[in-house]
Amino acid sequence: MAESGGHGVGGAAGVMGGSAPYARRGPSPTALGRWLKGERLGEDAAIALAAGRAAARARARMIGRRVLLSLPALVGVVIVSFVLTRALPGDPAAYFAGPAADAQSIAEIRAQLGLDRSLPEQFLVYVGDLLGGDLGQSISTGQPVLEELARRLPASLELTLSALILSTLVAVPLGVAAAARQGTWVDHACRAVVTAGVSLPTFFTGIALVYVFYYVLGWAPAPLGRLDLLYFPPEPVTGFYTVDAVLAGELETLRGALAQLALPAVTLALFTMAPLARMARAAMLEALGSDYVRTARAAGLSPTRVLYGVAFSNAMLPVVTTLGMVFSFTLGANVLVEKVFAWPGVGSYAVEALVVSDYAAVQGFVLAMAVLFVALNLLIDVIYTLIDPRTRQGA
Amino acid sequence: MTALLDVSDLRVEFATRHGVVSAVQDVSFTLEKGETLGVVGESGSGKSVTSYAVMRILDRGGRIAEGRVSYAGVDLRAASEREMGAIRGREIGMIFQNPRAALNPIRKVGRQIGDVLIRHARATRQTAHDRAVEALRAVEIRNPEARAHAYPFELSGGMCQRVVIALALACDPRLLIADEPTTGLDVTTQKAVMDLIAGLTRARGMSAILITHDLGLAAAYCDRIAVMKDGQVVETAPSAQVFARPAHAYTAKLMRATARPGARLRDLLETPKPEAPRPAPGAALLVVESLAKTFADGVRAVKGVSFTIREGESLGLVGESGCGKSTTSSMVMRLLDPSSGRILLGGEDIGTVPAAHFPRDRRRGAIQMVFQDATDSLNPRFTARRAIADPLMRLTALGGRERAAKVEALAEQVGLPLHLLDRFPHQLSGGQKARVGIARALATSPKLLILDEPTAALDVSIQAVVLNLLADLRAELGMSYLFVSHDLHVVRLLCDRVMVMRGGEIVEEGDAETVMERPAHPYTRSLLDAAPVPPALAAETPLMETARCAP
Amino acid sequence: MTAATPARPTGLRAFLAHGAYVLRDNPVTLIAFALFLFIVFCAVFGPLLAPYDPLESNAARALQPPSADHWFGTDSLGRDVFSRVLVATRLDLAISVAAVALSFCAGSAIGAAAGYWGGWVDAVTGRVVDTIMAFPLFVLAMGIVAALGNTVENIVYATAIINLPFYARVARAEVAIRREAGFAQAARLAGNSDLRVLALHIFPNALPPMMVQLSLNMGWAILNAAGLSFIGLGVRPPTPEWGIMVAEGANFIVSGEWWLAIFPGLALMLAVFTFNLLGDGLRDLVDPRRRT
Amino acid sequence: ADTVVMVMGQTINSLDLHRTGTNRPSYQIAVNAYDRLVEFGVKTLPDGSLSYDYATLVPGVAESWSFSDDGLVITFRLRPEGKFQDGSPITAQDVKWSYDRAVTVGGFPSTQMRAGGLESPEQFEAVDDLTFRVTLKRPSKLSLPDMAVPVPFILNSRLALANATADDPWALEYVHKNTVGSGPFRVTRWEPGQSLVYERNDGYTSGPVPQIARVIVREVPSPATRRALIERGDVQMSFDIPNKDAKELEGTDGLTVNTTPVENAIYILGTNLNFEPFKNKLVRQAVAWSVPYDDVFQTAAYGRGVPMHGGKSFTPETIEWPQPFPYSTDLDRAKALLEEAGYGAGFEVPFYIDLSQSDWMEPAALLIQENLAKIGISAPLEKVPGANWRTASLVEKRLPLHLETFGGWLNYPCYYFYWAYLEGNLFNSANYRNEEIEAMVPKALHLPVDDPEYIAMCKRMIEIAWDEVPRIALWQPAVNAAYRDMTGYEYWFHRQPTIRGWKRA
């Protein structure tokens, strides 16, 4: 078996790409560089650094810098999504004028939608609205985009999160097992299994699962969105039906929500296992081959302790990074799964909007996802600093 | 009295892609209570594998194929994994090379020590912290309470090594195995760490195995020395005896090749050769004036140094890690733009040509460099031939056939067998890679060759050959050298003059012999003191009593 | 290491010997390469081997289950599914290879420049890549195809664009860690300009880890095209393409015509599976350090 | 068990038909939650299924109506007991406000109103609380039926006005999200993209109170899932199912599949006269002779609907519409015609279909494409996304060869011809112009159906359409619904589920 060390890690993020040098800079490169070069920090500086206050300040600075760094990307997203939507073929005015509309009514609608103005003008209006917190109104669903996103986002998030939890619970142990038995059939089998999972188009997996578990076996409930008709959605607190059901103490509803969640979550999880397992394996191999693991063994720590307490905890760092990448990727990719399972999430919303050139909806969706992406990366960064002390030295 | 550790006929095999290879065979040695055994040998001779076999922490694919390892009468080969777990850390402690990497990077050092204490029931969860601080105090770490809360990356290399020692000794083992505990540390730190280890083992009446390839170190700290070669112990004898009367030819070769005071370059070689003549210095070739470099992040790596290298002269630059040696040489090399100062080559200021444009400058060929890490400095995708030809292609107007001839001539010049020219770097040994690097540097017939610790990564015997090669080349080609190193003995062998650098400044400069014999600056003196001095060989001077040798 | 083995094989022979070694070393890689050859074979000879015209419809034999005549059954227009699956290989392979080649070239050039020069080059390309990454990628691909029209070229472009950040990132990271490497310095000393150092010395050494990315993306490119087909933005009918066949066939599963989706689905899965597994083998193959 | 769960594939994007951008599936709100002045009756078809009856108009909000002698004034008498869902009485002011709204908001509603001669608010007058009067510019047979289509639904004007603003005098925002009608059902929950719940209006006054109390509409985009749901009995009604499912589900235990051909609708192959070769009638005829009608009908329509080919004569005997075109598959003849037209060597023409209607367009197009190739016409297929389709095919009319569909709500041949054969009119995607037709249609539109002149004109129009074939009829589509454990399904011309008659078994 030929996968270990840094290079393995580089490629191992799978679909989601490498070690995320753009998204995650971790400690400032020069500081890290100097640390790698073995430069020691002054003794007293070291003590000061260890002090929590300085670390917290450094972290706050780091977050601030990351937010600033992500602003250009958001601006880019706003511009590109605007241009892209305008480049979409078709005339929304004609489309929404409905059947039997004549040229005059189309023109009326065009004016109503503000599409009769020049593109720069439209852009300024759009940006102005955006700054005022107004994402506009979707013409295809007739709802304010913000409202619609707010209602649908929890659905997508709930699906994505459960899929990822599921996927992590399966993939990480698989990756660890593969690394612990590197080169054996266990290793190859793990690789084959997770690769097979990522080899199937999600919509196909979804439909196949529905066919088998609902249509043929009848184990799963009808794929009708988030909750069977028998139940009413729980009082919205988080927007996650499962969580809200628990908060409201409605266990029946919880069961219903979980039952609906099962198949789509499994579909997505199958698809996301590969990068996680790959990364877990590569990171685990690297950790297992490291000097500190040897030290731990030489110090007499039990094999379990060495494997989980030392190697695993270190190997989880790159996995967390991958998890962030996979998460944002999945949020975008569950479009197809949502379609199959009639899941009322943002993905299916975006597809419908795109097909009918519903500018505001597409732009709103893209922007929301971009903000989510940025926030997510920030969160991962923070988690990373929390678990990896090396990143705390700040600027 | 039975030996504390008794290893006999040990053979360790590894399952590799080429089938099973045996890394170590027929290794036998014993270790008495309170004794310190040095294991010396060149890289790959099986020193580490032997120690790992004793601890039964061989890498995946490795197994003890034959032999007996008994510790205090317990057969370690037959012991269960559970029993081994109890022995490791409590009975036998181990220290590794590269201390920073040997510590779990995301756990506070105090906790790491605490983990071991708890594991061996030397502390409870409640007392673990206090006991860990005690252990840290025992290794003479200043302010141990605060250090216990530090992560490894917050500590210097020397401190990390102390922590590793604390970790290894936390449970009062009776045997300590130290696998190259000081490689990668500065000479001054190295001495402090070794003194600490020696002091602690002596105070606690422990036995120790010190693995090293530095004969001086072994001689200074060990009672007996085992010499390993190709997976076998070729000789075991008391230290003094090994040096005085090496029984095995290999041992003699090793001794001989070690740079030491009083020896001349040729003395290092197996087969004596006439000393290469040192060319008489000519006119000033390189004049450096108040050269300074401040990096973007504000680090003032070099704070205004001035020196002159004359034609045919060899100037040594010594100093501890991080003092700015490489930065200085990079600037002279025109790989890095100085913040201020002038670099005059043959009277022309080359410092004004931006580093980014210098590759195309006509004077590029005049200054070349041999790098510290031969492996790193060779493109893994280029064969040796291509690596040597590259500067010829870029900097000379030679045609294809002439170039091929020149490459072979260069290879011959540096003593590289021609059949090796089509190999990739990973197919060459360390010494061969060093030769490729030198041949490449010579390709453009430079006037000034900068040698940035060219032998630091090499075994002593290869180092001896390479140093001699460099001396011969200088004599032959009349080049000037700027030789960067932190090994004072080596510098003395090759250089006419020496500069001592500290914190980006030159603190002392002078004739090599003078600086070595009568250092003016206290810093130079401390450097000299810290360097372990291998005993002189029998053939040269009578055996010196090794004063620092542990009883 | 044996010091003086005489006359090592050179050039192509050495490469082949190395290849043989890599394959022997790892059964999974061996299988992957065998499958890959099989896929390439189908792509090249598929149209010759197909028993029926993949486009010829025949209402009389519509929706027949697999039989001796029609191994994979027939579709709703009576076309032979086996022939269509076979013939589709070429197009699918072409789409993924073209998309990956494009994004590999563009992405690695951008990433390598960013990694090598850093500074504002890095800042600008970094922001561009960030912007692409911040998009929900599949939706971005949909948008591009919808905006430009659903032709094969546009599918390729869209797939290339959304894959680009991954190469840029890997290339940037791999180049950055080698920027100050000894051999890069040595190359500068040898008179190589920055561009040459980057292109001829550093970049080739960054290839092995990128190979893994390459193969993963090949698979992903096919899946992406399939997803676009499912949304209706894929290759135009009646061109046979696996994704569109699965997408259309998916609607027939519930009505019992499973063969419409299963067979192209299996072909798709096999291809993606092969590409994914191929990565490690490819990396070993281009990595000279693995030559012995 | 007084609840019906229905699945459908599309999204309801507004509760207000008058609003700009309201899509077709949303028309069902106007049908189920609102009333009109008059409604079409319901009849039993020969196969026992129920259908709306174009021939009879029954009272809605109005209990009676009368025409003035010159046919220019229609006076409606509202039901005195008529109540909105909030309990307030339905008055003539409400009706006038609703009619004013329909003709003023523009877009499709106003266009549809114009078809019946209902163009401006001056035409509508609330004489007293219960009397409403409409004045026409000229008498037309279209006027009264046009009042029974979904568009002129009656809103509770007081409630609406209470939620109107200066910017939004017609309360479009409020009505978009709330139903303010008098219909048999009220919408109690609406989550766009997910579901919509109808609850029975127990105080319904414009007809019998429905039997079922609740209808839950779920949007399920995947047709496969919809099929699984109805097959497994998790839902009672799957509306507008694909022909294939209809064919295969027929005969499934406990499941009723209803297929009704859509009146006045044809799926056609359009040959755009902007495209040089299609300017030649012979080329169009050649194309018409080359279509593999039977295969298309079996493969694309799964035999659902009515074939529209193989008519015996080029002269129509009746004015029934649609009736089979006199073409069938005859490649030799097609080739000969092409030769004659001077296109013996064939030509290439892009063939456009709509992405969102690819379920039928794609198989049909592929089969047609294959046969066209046989007579030397190469027709590469282009799929146009939904948003662009309308613009390209109907507004800009720039698609050389394409598939289209049109069905007139008002079931007269002249109405069809008005939209589909008059130059510039929306559904004339072929850019066809024929002077005779241009002259006849405006006249025929308003003539009574039994007028001999009307019959003659219609026959002539049909004859021209057959001879010139800018639109080549493929078949008359059908709307399919599958249901179980319920009865009372009715087919309606607007192709929306009309739930008032539904009953749970």
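Residue numbering begins at 1 within each chain, and the chains themselves are lettered A, B, C and D in the order written.
By definition in this document, a contact is a pair of C-beta atoms (placed from the backbone, for glycine too) under 8 Å apart; a residue touches a chain by one contact, two chains touch by 3 or more.
Only a predicted model underlies this, so the values are computations on that prediction, with no experimental measurement involved.
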Please work out which of A-D and A-C is bridged by more C-beta pairs in contact, and write that pair. A-C
Mean of the CA atoms for each chain, then the mean for all of them together: which chain is nearest? A
Round to the nearest whole Å and give the separation of the Cα centres of subunit A and subunit D. 43
Please compute the C-alpha centroid of subunit B, do the same for subunit D, then give the distance between them in whole Å. 88
Would you kindly tell me how far, in whole Å, the mean C-alpha position of subunit C lies from that of subunit A? 23
Let me have the rounded angstrom distance from the C-alpha centre of subunit A over to the C-alpha centre of subunit B, please. 47
Shared-interface residues of subunit D (touching two or more other chains) are 222, 224-225, 228, 231, 355-356, 385
Subunit C touches at least 2 other chains through residues 25, 146, 232, 250, 253-254
Enumerate the residues of subunit A that touch no fewer than two other chains. 88-89, 207, 210-211, 215, 339, 355
By the touch definition up top, name every chain pair that qualifies. A-B, A-C, A-D, B-C, C-D
Once bound in the complex, which stretches of subunit D touch subunit C? 222-225, 227-228, 231, 244-245, 248, 292, 294-295, 298-299, 355-356, 358, 362-363, 365-367, 369-370, 380-383, 385
Sort out for me which residues of subunit B touch subunit A in the complex. 55, 57, 59-60, 81, 85-90, 93-94, 96, 98, 100-108, 115-116, 119-120, 142-143, 146-147, 149-151, 153-159, 164, 167-168, 171, 184, 295-297, 299, 321-322
Taking the complex as given, what residues does subunit A use to touch subunit B? 28, 30-31, 34-35, 37-41, 43, 46-47, 49-50, 182, 289-292, 294-303, 305, 309-310, 313-314, 317, 387-390, 393
Write out the stretch or stretches of subunit B touching subunit C in their complex. 17-18, 333, 335, 356, 358-360, 364-365, 367-369, 371-373, 375-382, 387, 390-391, 393-395, 417, 419, 422-424, 426-427, 429, 437, 440-441, 443-444
Subunit A-facing residues of subunit C, complex: 25-28, 126-131, 133-140, 142-144, 146-149, 165-166, 168-170, 172-174, 176-177, 208-213, 216-217, 219-220, 223, 226-227, 230-232, 243, 246-247, 250, 253-254, 261, 265, 268-270, 272-273, 276-277, 279-280, 283-284, 290
